[in-house]
Structures are given as structure tokens and as C-alpha cells.
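First up is the structure itself, then whatever we jot down about it.
Read from first to last, the chains carry the letters A, B, C and D; within each, the first residue is number 1.
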Amino acid sequence: MITPLDAHGNIDYNATNILIKYLEGINVDYLFPMGSTGVFPYFTLKERKDFLKFVRENSKKPIMAGVGSSSINEVNELMKFSMDIGIEAAVLMPPYYIKLNQEAIYHYYKEILSSNDMDLLIYNIPQFTNKIDPETVKNLKSEFSSVKGVKDSSADIRGFMEMLSLSDDDFAVFQGQDDLLFTSLELGASGGVCGTTNFSDGIVRLYHEYKNNREMALKIEKNDVIPLMKKLGKYQFPNAYYEYFYKKNNINGGYRPPMYRVGIEI
Amino acid sequence: MITPLDAHGNIDYNATNILIKYLEGINVDYLFPMGSTGVFPYFTLKERKDFLKFVRENSKKPIMAGVGSSSINEVNELMKFSMDIGIEAAVLMPPYYIKLNQEAIYHYYKEILSSNDMDLLIYNIPQFTNKIDPETVKNLKSEFSSVKGVKDSSADIRGFMEMLSLSDDDFAVFQGQDDLLFTSLELGASGGVCGTTNFSDGIVRLYHEYKNNREMALKIEKNDVIPLMKKLGKYQFPNAYYEYFYKKNNINGGYRPPMYRVGIEI
Amino acid sequence: MITPLDAHGNIDYNATNILIKYLEGINVDYLFPMGSTGVFPYFTLKERKDFLKFVRENSKKPIMAGVGSSSINEVNELMKFSMDIGIEAAVLMPPYYIKLNQEAIYHYYKEILSSNDMDLLIYNIPQFTNKIDPETVKNLKSEFSSVKGVKDSSADIRGFMEMLSLSDDDFAVFQGQDDLLFTSLELGASGGVCGTTNFSDGIVRLYHEYKNNREMALKIEKNDVIPLMKKLGKYQFPNAYYEYFYKKNNINGGYRPPMYRVGIEI
Amino acid sequence: MITPLDAHGNIDYNATNILIKYLEGINVDYLFPMGSTGVFPYFTLKERKDFLKFVRENSKKPIMAGVGSSSINEVNELMKFSMDIGIEAAVLMPPYYIKLNQEAIYHYYKEILSSNDMDLLIYNIPQFTNKIDPETVKNLKSEFSSVKGVKDSSADIRGFMEMLSLSDDDFAVFQGQDDLLFTSLELGASGGVCGTTNFSDGIVRLYHEYKNNREMALKIEKNDVIPLMKKLGKYQFPNAYYEYFYKKNNINGGYRPPMYRVGIEI
């Protein structure tokens, strides 16, 4: 989920409601507020809580909430809050800013997992923060039963296959790059956490077609998903996702710096 | 300044006081709390304010406060708070996590500079966050008189020279890498913002010797600063800075994950 | 194909013959001498010609010859030589050493394609030399009918999909990374150019099973190919490929620096 | 030295003579044919020998010859040839194309140094080929007295300082980046191997002024060298160096692909 903004750069809850209804309509399995496409680092802790609360109160879909922060105190606070309001799962990437080795990343997750029982997806997105190695994921998974899977947005299929080798009935591996979903399903991925759902149903159709009609799924990937991803990829991430959503829904949306309006045609 | 921690990973104000007194004793010109060595992203907004306030109340040295956050709301809040309590200047790097182009970085600074009058140092540290180009610094400097300089920790001397070309009476360029201070002074740098000051006076002596005794300054660089930086550089940043400080002062200090204790000898 | 070496680091033609017979036995479609696994840059022009000639004279399999060099004169000489001795196709990566933009790469291929009629595969391997963009491949393909396809060893599936979008009856797209062959076939790849063939038939079985028994192919990938690639990947490339081949065939093989013997168990 | 080319992309010896006379006129200490600016990888072994021979026969200046190749046989041949014709020293970077660890690089140099007595400069240029660590340089220096120094073109001052720590009466450390020469001299560099000498005497004047008039040297760096380097840096390397030389001397010069003409104004 993007985090819709008004002309002043504040969260726009009317627009958020439109987004929630759209996502329910195209039949996603989970809502994922405050992820990277939701530009979570651009908001205060209070804004993040308010947004999670609004999504919870306005949808019956299961929710996985982005709880990322380099500060373990903030992560703990967001996890407890999310659990209290009935959110089903949390999604957490390694800390950002300071470059970290795997030992540091392990200490971070261990501390958080030791003080929270909430189901957690580990989020690997090395473009934006420190990479978590499959080996570290494996160790955390073996020590904490609340670690329920991984969302891998690395776009590195070799690394993704290593994550997939950890899959079992209690451990899911999700692809975070829309244009790699078909390939990932072929290799055994549990599903996708995909940003184009904010304004397009192609990726959901691909996912649902896949089981019965592999050829059709591949066709959707090639004809719908890849061209859309290429188009979005020409702009500073994730500004085009917002503009696309605003334009499609005739919303007078805005941007909070460092975000800015880009000229994508829909 | 590191942010000294106790055995539970909370800020240790007794230790902070020891640190302040040491820095005053070796005669630094400014205190710089909540920078990268101070692991500012590992703290909550409240912890950051409390720490800034403590430093302000316990030293008469001028202070430049790290106010970094990807959230402009948090930056604005930290700047207003800092100004209110009498802190002299703020230090701000570009937003982290999402990879940004220069246009995005410009929008971010512009928004913040438009709503704050506090003197600001721009902080370039591309190892940890998006790089700010000298061209963007130049544009911001020409539009906002509150932009008083840049702290460059890139370790890229060619880029540093480009920053130096912006120097004038109202614009200072500081070197953020201790082992490059001598070279930077030769090229015209205004000074350094140097992490080894937390437990060693070599870099301050180098700076003061430089004007009168260039050879002595070079000797300190080669014999004291570079070997110390190499030793510290063997460990996950900035854990060794903390351990060094704890050991030197016989403090039973601690770590907040992702930080952890490393075995440096002092 | 590796380029088998004797204890003095010279090409070992007896061992080469053993290799040719093995490759024929496991039923590869083409032989590919003097590629990256064949460490072509470690040989003189004369050694390269001699090796190509030996392979040509000792096998009736179609051959694609690595003709890479940053010097267009050397490439032209190798292509003419290869064509004269009846080699079916050439494989050529962009020039290495000096970092090049796409315009430079285009000029290089254009010059070579204008003076040679031999069928050519473009070789994308950005780990080792300048990357060639799908757009540049597309331009070369549209101008020169002798451009018959691309070998992509980038391990970047997103880029590979872009290459695949150029596929047609006269343009083949090959995967150069063994552990990505299954995935690539799913996406429509024409086949693979795979280094583990030097001592293992898994990847060939995978390829042949794929058309009739996709599940079996996936099983081979997971049980045979990926574990083998991981094992090989622990050593300085491509030393372990050589040692594996030597040990398997009880050959007293050697290395030419910068190659050296590694301790892989087979 | 660039390698001047005629309109057909062949070496232009008349132009080479003009270049030699110019370099003698501005009083460089050494000629350095077949380095990176000389695009040595774009030539055949015979062309490289012919060029070295021509330079030797047409100048009494000491010469250091670029003998780089990933093939140790080619390096050995070039070194023996150079020694035979009276060239004073060889310059050699680590092998390119295949990514190598330090052990591989060590094996390569060791093999070459064991079979040649010629004085050698190790050439570090990680932008174009595998990086050689100061530690590896140190080991080679301690084992082979023919290792007389290092040319470092990395533009990494921290690494350069590590190379400088190896300096002694028998081991020189040269800066390969013109705009970093002043800084490097300050730190104790032996001198520079600088590409702008092909058409400009600024860097030579800087070097000669440095000993007596440090301020003048710094002025030349800021007013002449840095602006020239910035201008050249806007184009695909090293095309602008060639065009500049051609234009300045009214030579109808050419390019061998992947080189091409760029529109620099002189």
C-alpha cells in the first residue's frame, strides 16, 4: 500500500479508504501498510500508528504491518501497538543507515524477537538497507517460531532461491518484485507482495491464474506486469506509484518531500 | 560524540558527563551529539531530545546537533527543540533508506530550510545514506543563508575538493574522516568533525599544530591518527569507539542492538 | 569448455581430448572453447588459435568459439581464423579494462560486424567486463543479420527477461549461469551455455528433461545443479572447475597464474 | 602518453613524434607509452612492440613501458622486448577480466617477477581491473628487489596513504590522478604519472613549483589542473585526451573502436 497524501503532504484518509476498497475489490489476500512503497521512513511514529489503526478499522482483510526502524525501541512499540489493535503480522527489514555485518543484524532481530510474540516476516531489500543473508534468516527461523517467512525484494533470483530452500509449511517466501513473481512462483514461492496492486489488478490475476493456467499467467506477466513496471521504473521511486493512483482516482493528491510529483501518464 | 550506554542499552548520563568533560579538556571547539558515531538512528525522538538537552545543560561549549531523519516532521521538531534550548547549529544528512536522486534531496532540504532559521551544516556521508552532490549543496547555499557549511565524511578527496570550491567567509567545509584531516587542511578545509576525539586527543593536537608546525601535524597524523583509525576500522562501526571509551574510563558500558561488544584492546 | 593445462601451465591436448569425448558423450549441442571458464585472456593469440584448431579437428559437434579481445584487430583475426577452419559461430563480449558507455560498445561491435560475416552471439557478462544493454543488442541485431543471439551470464533475471523480449526465430537467448537455467527455460530461453558440463551431466539432463518432464527438471536443478554451483562458488573462479575435471579424470593437471590449485573435493 | 591514431585508426608515427617532442619540451622525467591513456588493450602485441620501439628510438628520455596483459606469456614477451631495446622500467597492473582475489594476483606477479629482472612499477587502477592491496604490494616488494614502486590511480587517498607507508629510498609511490598530485606530494608522494601532459604543461609546472613555492603549486592545481580534469572527465575516457591533442596540433587524427570522436573544445 502507498500512503496517500493530500496537497499539504499529510495523510489523506479519504484516499486511503478508496485504496482499501480497491485492494479488497481486486481480492488481495493481505493488506500491507507502511512498507517501502508506503514510504514509512517519511512519517513520524504517531503518523505510522494512526495509519495502521485506520487500515485496521476500515478493513477485515488480514494485515501485515511494516514496523521497520533502526531503533529497536520504535520497532517494539510499533509491534506491540499493531498486535494490540489486532494486526495479524509484522514485516521488518534490517536496520538502515549504518552499514552492518550479519552479526549486528542477528543481534537486532534477536533482541526484537525475544520481546515480541507477534508473527514476523523478515524483509530483505538490499537496495535500501543492509542485506540479510539466507544463513541469518535460517538461524533466526530455527530459534524463533514467530518468524513465519521472508519477503525478498532484492531482485536477485539466485539469492531468492536460497531463501526458497528454507521454505516449509510454517515458513513462507514472498517475492517483492512484481515482474519477478511469475518466475518466483515457478520456483516455489508462496506468493508476492507487489506494489502495482495500488492501481492495477494484473499481478493479482497473474497469481490466481498461475495455478490453473500457467500460460495465461505468463502472458499477463509479459503483456501487463513487465510493461507497467518498466514505465514506473523510469521515475524516482515510488513517486510514480502515487501519481498513478491519484490520477486514476481523480484525487488531488500531494507529496511530502523528498517526494515530488512526476509526469507519468496513466 | 558517542552516546554512552549502560549495561541495559539505555543512555548513561554519568558516562556522558565524563565524555563532555574530556572533550572540554582536550579543547574541541564544538560538541557534536547525535551524529553517526552517536548512532542517532538507534534512538527514539524522545531519547534524542533528552540527550541534546543534557549536553546543552552540562557544557558551555558551542554545540552542533545531529537532527537527521528521513521524516521532515522529525527533523523540524528536532531543529525547533535544539534552537529553543540554545543549541548553536544543526547537522543534517540527506534522507536514508529509499534511494534518491538529487532532485528529491533538494526538495527535502528546501522544505526544511524554508521552515527553520537555525544555522545548518549539510552532512555528506554516502556510505550510509544518499550522496548529496556539490552542485546541490551549491544551490541550497545560494538560496538559504542559514546553510553555513558542509561536513563531508565521504573519504573521497576529489569530491571534497569540489566541496572546498564552495568555501567562503560564510561557508565552512569540514572533514569528517580523522585520517584525512591533515590532507584536508592542506587543501583549505575549515576543520574536522572527528570521532577519535571521544577517547584520544591526537586529532585535536594535529589541528592545533597545523597552523604553526606543519611537520609536527603530519607526524601526528602518521604516528597517532592513522594507526588508531586502522585499529578501529577492523570492527563493525562504531562499536570499537564505544568499547575504547568504556575501557579507558573503566565504565561498565553496554550496547543496544544492532550494536554489540567487540574485543578491541586499548 | 575449460582449457586443460599440464603441470607447467601449458595447454594439455590429451586432457582436452578427454574433455571433448566427455562432452560428446553427455550430448551437448555445441562445444564452446575459449570462453570465460576457458580463461581465454590468459592465453596468447597463437595459443587460442591452436586450441580452437584442435577442438575443430577432434570433434564433429558444432562449435561456437570465444573470440573476445579488447583489440578489434585480434577479434577480426580470431573470427577469420575460426571461419576458415570451419567453426560455426563466434561469441563476443564487449571490450574489457577501460570502462565504456553504450556508444563505445556499439562502435566496437559495429566495426567488427561490418568486416565479418560469421554468425555471432553477443555475450553479456557484466561481472567481468562492460555491460551491454538490451537496447544496444537490439540495435545491433536490427542492423546485422549475422547477430544470431545473446549469451547472458549476468545472473540478473530482470535483464535476462529484457534480452528474451528480443527472441525470435533468428535470435536465440542463452542463459550462462547453470543454476538459473531452469528458471530461464520457463521464461522462454533457447538453452544454456553452462560450465558444469565440464565434469557433470546434470545440467544437460535438466535441459533435456525440461520439455517432457518439468518436475524432473526442477528436481535436477534443486538436487544436482544448485548444490554443485554452490560448492564451486566457494573458490576463486574458475579454479575449482579445473581441479574438479582433473581429479575426476585422474589427470595431473596444472595452472597458469593467476590461476592456482584449490582444495575442492569431488 | 596517448597512442596517436590516423584517420583509419592505425598508429600515426608522425603525430607520435610531435607528442614526444612536446613531452621533452615540457620537461617530463619519464615517457610512459602503452598505459591506460594509451589504450594498450586496443592494440595487438606487434603494434605494442612497434610503438615502444619507436618511442625508444626517438627519445633519449628514460622510458617506463606499459606491459599489461592478463596473459603472463604476453607480459613476459613485452618485458623481454622492452629490456632488449633499452627501456628502463616496466609498469604492470593486475590481470583484468576475471575477478581475482589477492592470492591470485600474488601468483601472477610472482610468476612474472621470477622470470624477469627488469625494474617494475606495480600499477593499481581498480576502476579498470582487479585492485591490488597494499599488503600484496608489500609482500611482492619484500621478495623481489626489482619491484621499484607503485603507480596508484585509484583516486582513493586513504589507500594511497597506505601505499605511501611502503615508501623508502628504493620504493617510489606515484600518483596517477592529475588532480590529486598536489595532495599526494604533500603526503610524501614521489611524483605523478599524469595524462594531461599530452597537451598541457600545468601538471609539470605544479610538480616543479612544489618544492620551492607550495602556494604557487596549489594555485596551479586549482586554476589549471582541476578545471582541465573536470572538462576531460565529461567524456568517455580517454577520447577527449586524443581529441584535445589532435586539435591542439592540427592533426587529422582518428579513433579505433570502441573509441570515437568527442566534441571537446580546446
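Keep in mind that, in the parts below, contacts are C-beta pairs under 8 Å (C-beta built on N, C-alpha and C of every residue); 3 or more make two chains touch, one makes a residue touch a chain.
What you are looking at is a predicted structure, and each value in this text was computed from that prediction instead of being measured.
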Most distant chain from chain B, judged by the mean position of its C-alpha atoms: C
Same or different contact residues where chain D meets its copy chain B, judged by the half mark: same
Mean-CA-position distance for chain D and chain B (Å): 38
Chain centre separation in whole Å, for chain D relative to chain A (CA means): 50
Interchain centroid distance [CA atoms averaged], chain A/chain B, Å: 33
Junction residues of chain D, two or more chains touched: none
Chain-level touch network, classified as line, ring, star, complete or other: ring
Pairs of chains satisfying the touch condition: A-B, A-C, B-D, C-D
Footprint of chain C on chain D - complex, ascending: 36, 39, 41-45, 47, 69-74, 77, 94-101, 103-105, 107-108, 110-112, 127-129, 236-238, 256-260
Chain D contact footprint on chain B (complex, rising order): 155-158, 161, 165, 177, 179-180, 182-183, 186-187, 218, 222, 226
